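Next come two complexes, and both contain subunit A; in the first it sits with subunit B, in the second with subunit C.
The block that comes next holds the complex of A and B.
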């Protein structure tokens, strides 16, 4: 088990290094004009050259990357080229907003999709039709269009929620709740429709397995078969779906944050990439990849725990 | 009346034109294609349909309401909304196509090679796929934009690369499943080159899933591309729906309709693609369903007559039940004129068990013999009440220990009545030992829980009994097996465990469905001995479903022979073995291997070597 975790973490680190280098390499092409952009049009040629030296832009790519990587390993991700704010601080102030939103949404999706998917698979009939139709409708409306509809309807027309929230990290829980409810709903609606459909097929597949019939023949109550055996066997599929949705959401939240004017990581990603603020971009990419690696590791661990074949070896 | 359906089934292989036909007949598919056709027309004829240039700004009339000049009004700098919408269709559709093309261009060949040849390339490709799949798309696209500037096309190429794992996985799995098919082996033996095998046999398999995937990918591409444009990260000189959406969102308090049109356009385009994908999938699955039904029908051949439910016939059968019923209470199980059927798409019911009657007494072993598809397992499952959800009892009755479990005229087995009997008084030994144990729970758990639930005894008590049962069924080390997971024991061992489970609650009737078929020959004899032993010791009734007369002669007291859902012969096992009356029974008996001359080798050993 320990070996399994170590192997997964090692694989994650390799991926992290590969992506860091690739991103750094890509961004290298964008950095030619950066010093001029920072200083403005009226800066003299010498000032620009001096700035470039200061930022290390005069160094060759491998040297720049190694310098950055060396500092990053010690936890020093540098400072924003434009604001001078340390990258770690910039991310730390925005991370709670994005993570609260995404985690709340994924938990709600997990619960709702399981309940709806199970009900559709077991009861069939109208609830099955609702889930199946919902999956198509959910696929058909892009998440951010749905978010725009929600804002227009509930925030601008009905004024039930603040349309543009400006939540500070130290604002009260009610301010957070008011600002995050609508964006979370937008994320949840999109995730639940697809998720419920996947849970439904996974549960139906399990219900058709031979061992379910044998359990029934042994006199085990139907409820216990469903919740203990079928749900457990369907869980790996559900978890994989959830982890993919989570990863998708880390991207989707970028647009959602823009629509709801939330100062989260997505917002930072847009800002930093538009300006070419390489330290910040690298910070955002690293943070995202680390979260993805952690989520995948968690899913592997839970699946391993659910599956005795993996657990024993 | 059901001829037409039969014929569509017989066309067998799903032809592509067939699928297109079905998609067109599906209202959803038709609507989707119509919407896409309109959008494509808009994109192609944009120069004709748009009265203004996409960037022509009439500063005199900004945010204007629709009029004769500006069909849908103007935006905040006075650009014509209709013209921009039409030009936006062009950019949007082209970018979606580019994205799909890149994704296919990378994913398909890589998937073909990885699936067909496997090996190192498969490993490396798998690693890349895992990386690509664990990247949040939009963050990557933002980075790409930072590196290469705000071009729709570069974004879509990058997004295509990000989506290529979808095609890779799809192709790889399809190819892997086909690669080992016999007809591909045959093609290889026949000397076809890898390239022609791939293009002829494998390409035809992946074609349909790829069409579905492409519809979905185009939909995703459109929404992501619009999303990026909405963020204001696109090229401002190109009119796209996303840019229009962003422009509308900024003016949402002044002119909400600016938001409406691009949102509708995006919704329609993505929705149509998703619907199209679904329609194609439905059309393909429909084809498969017909094929499957065809196969089942072929298995059970002529007896599975397709009949619309005939009330007269059912009533007649019921009448017969009433006459036989009295004085049969002493039988452990009595099946009377049982009919089981499955409703078909055309409204008829396909019978798989037809007018079957027999009985079993305590301490007796009854064999039900027949080929696969003869309805013997369906009969057994009706007694257990474990028929698939779609099955219907179309006639007859089943009684257990003097009470009906299926009363005459009932359509379904009453689960309420059977829940009280299953496990406690009727138990079941399945055919395939491994798939009948839940892989996620220990063998001990799966033995103990039924006893706790059914007999109401404590866990400790049940554990003690489980240990005893395990040693009773001849397992040498009960503790170890008790703690093992199903995948840790052999098939023979698992079957012993299932038999232990079947007798754990001291039932009166055991239904064994081909209990030895999946086992090695040496284990088969052991398991049969075990069943005979237990039956004598516990004095239970046993229904043994099998296709093997050897097993029957070894074990059974009486035997019924079934063919194509009907009962053809019944009697004491000696009588049937010595003087079979029905030609089908005679045929079954003559196909037994026991007591036959060994056959001579068709090809001599040296010739075999030469072939190799």
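The block that comes next holds the complex of A and C.
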């Protein structure tokens, strides 16, 4: 078990290094005019040259990357080139918002998808048809269209929720809830349908299996069969879908954050990338990759716990 | 794919959702503002965040209100452009306009208790010059600052600067407490003498800044609210939603989103700040020899149907023009505004006279946001025989590439400032938007007249305007409207030549 975790983490670190270098490599080519963008249109050529030396832009690519990597390993991610804010602070203030949103959405999706998927698989009939129809609609509508519909309906016309949110550090839980509800709903509608479909298919397949017939013939109540046995077998599929959705959501949340003006990681990623603020972009990429690795590891562990056949000995 | 019941159900669901939201936003207008006390708080949105509260990071245009709330400037620019006393109660120039003496008011204090005195002003101006922030060009002509007595400062310029008083109403004029200058804390905790104080506990960097009334402020007339909140909403959809749902009282929109705001009962305040067109940089023919011929450049000016483009691309929000100087700049020449009509035949004739009856090829850059416009411009230029090649440039590199002289011409939009500001922006040999440093004895002499013109600078700039328009240094197309929408709870006056109103221009509606 411990070996398994160590191996996964090692693999994750390799991925981290590869992605870091790849990202840095791509950003390198866009950084030719950074100094001028930072200093503004009216800076003189000498000022621009001075800034370039200060930021290390005149160094060759490997030297710059190793310099950044060396600092990052010690925890020093540098400062934003444009605002001077430490990268770690910028991310630390924004990550909680995105993570809260995404985790809340994922938990809701997990619960709803399981309930809907199982209801569809077991009851069939009209529930099944509703779930399947909803799947088409939910998958087809892009996240940002949903977000706009939700904002227009609930925030502007019905005025039940705020249209944009600035979640101040001292805002209470109710302010957080009010701000994150509509974005979370947008994410959930998009994701729950795919998840419900997967759960439904997996559960249907399990219900056709021999062991279910055996359990029924032994007189075990249907509910116990469903929740204790079938769900455990259907779980791996569902969890895989869920983890994929979580990772996809980290990227997809960008547009949602733009529309609701949430000060989250997505917004930071967009702004720093368009401006070419390399320390910030690298910081965002790093944190995202780490989160993805952790999520993958957790999913593997949960899968292993639920289903002994999956465990690697 | 068969359209069975499932697809039909999906279609019905989707159209129902859209229909619900399509129900016009009319009638849900934000606070009618009558039958109750006037509002005591102001919430507005800006297009972006400010880099930091250090005055050296201040920049003209959109981010000014963030600083104006906490810092006073040495002089204040009224909404109509008049320069009036602020921290400097009196000002006087010497005979050759190289020494500006400011007598400071004695009752202004920073929020940390230190008085606003000559030493503080000197510390600020020196720091602004040394820190080389984005707007350091504003003090380019400043040679030294002397403390004459505790409430008098004498600023010596190395050369006359017709725009210097204007700069003292902008970034260069912000005065922060000398104890805070140079400390890292000033970036997040401004210490100024302005009408409001920053409430750091409720502010979130990159998202919103909350200011509360400064109880010791010396000018109660400028304090119209108890609380001011400025949100950073770069996305125009978010901005529109916030405005229409009543979350904010004012924001800048564009012609298309403006319609939604109007439907919701918001009030439009229009002002022309920018001119938009094609800058014909290559007047010496370094990249395109053809462009060195004035007839070629004039031909380009005759090629565009300004009115139609304005109506189609900007829903008519603006005024066609042929000159780069604005109506309120003092260098405006009314007759020049329609100097170049839409006349493709004349354009072709001019090209033939210049020796290019078959036209020529011109490469210009394009970036996100200009694609549709550049497509139209290419079309209209090809109608007179000029084959346009568009080269896509990343947005972040656009200004840099233009400034590096990579292109003979480029589509762009610039704000129309005071004449000396505009000349240094795009006409003088050191101007950023004159990458090939085009000049000749005639224009150099006219520019120099403005330089030393003192109070007549603006009037003398008319000659510069006439020269660059007749010689087609640019192909101006139109002046564009800034469309500022406000709720009925507040009133606002546009600020001359500034992208957004100054913080002083807002007031509660009666």
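Basically, the second predicted complex is superposed on the first by the 310 of 313 C-alpha atoms of A that agree within 3 Å, B and C clash if a C-alpha of one lies under 4 Å from a C-alpha of the other, contacts with A are read in each partner's own complex, and residues count from 1 in each chain.
Going forward, a residue touches a chain if its C-beta (ideal position, glycine included) is under 8 Å from a C-beta of that chain, and two chains touch if they have at least 3 such contacts.
Everything numeric in this text was worked out from a predicted model, so none of it was measured.
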Clash-or-fit label for the pair subunit B, subunit C on subunit A: clash
Contacts of A:296 with subunit B and subunit C, given as first, second, both or neither: first
First, second, both or neither for A:53, with subunit B first and subunit C second: neither
Contacts of A:152 with subunit B and subunit C, given as first, second, both or neither: both
Of subunit C and subunit B, partner touching more subunit A residues: B
Subunit B versus subunit C as contact partner of A:213, first or second or both or neither: first
Partner chain in contact with A:82 - subunit B first, subunit C second, else both or neither: second
Touching partner for A:285 - first (subunit B), second (subunit C), both, neither: first
Touching partner for A:142 - first (subunit B), second (subunit C), both, neither: first
Offending stretch of subunit B which, after superposing on A, collides with subunit C (from 8-16, 26-34 or 260-268): 26-34
Residues on subunit A lying within both footprints (that of subunit B and that of subunit C): 30, 136, 140-141, 148-149, 151-152, 156, 258-259, 274, 276
Touching residues (chain side subunit B, partner subunit A) in the complex: 130-131, 133-140, 142-149, 216, 219, 222-223, 226-227, 230-231, 233, 245, 249, 252-253, 256, 259, 263, 266-267, 270-271, 274-275, 278, 384, 386, 419, 422-424, 426-428, 430, 432, 435-442, 449-450, 453-454, 485, 487-488, 498, 501, 505
Complex interface listing, subunit A residues touching subunit B: 15, 18-19, 23, 26-30, 136, 139-145, 148-149, 151-152, 156, 209-211, 213-222, 224, 229, 232-233, 244, 247-248, 250-252, 254-255, 258-259, 269-270, 272-274, 276, 281, 284-285, 288-289, 292-293, 296, 306-309, 312
Complex contact set, residues of subunit A against subunit C: 30, 32-34, 36-37, 39-43, 47, 82-85, 90, 93-94, 129, 132-133, 136-137, 140-141, 148-149, 151-153, 155-157, 159, 162-164, 166-170, 258-261, 263, 267-268, 271, 274-276
Parts of subunit C lying in touch with subunit A, wherever the complex brings them together: 5-7, 9-10, 13-14, 17-18, 20-21, 23, 25, 28, 49, 51-52, 59, 132, 134-137, 187, 201-208, 231, 233-235, 237-238, 241-242, 244-247, 264, 394-397, 399-401, 403, 432
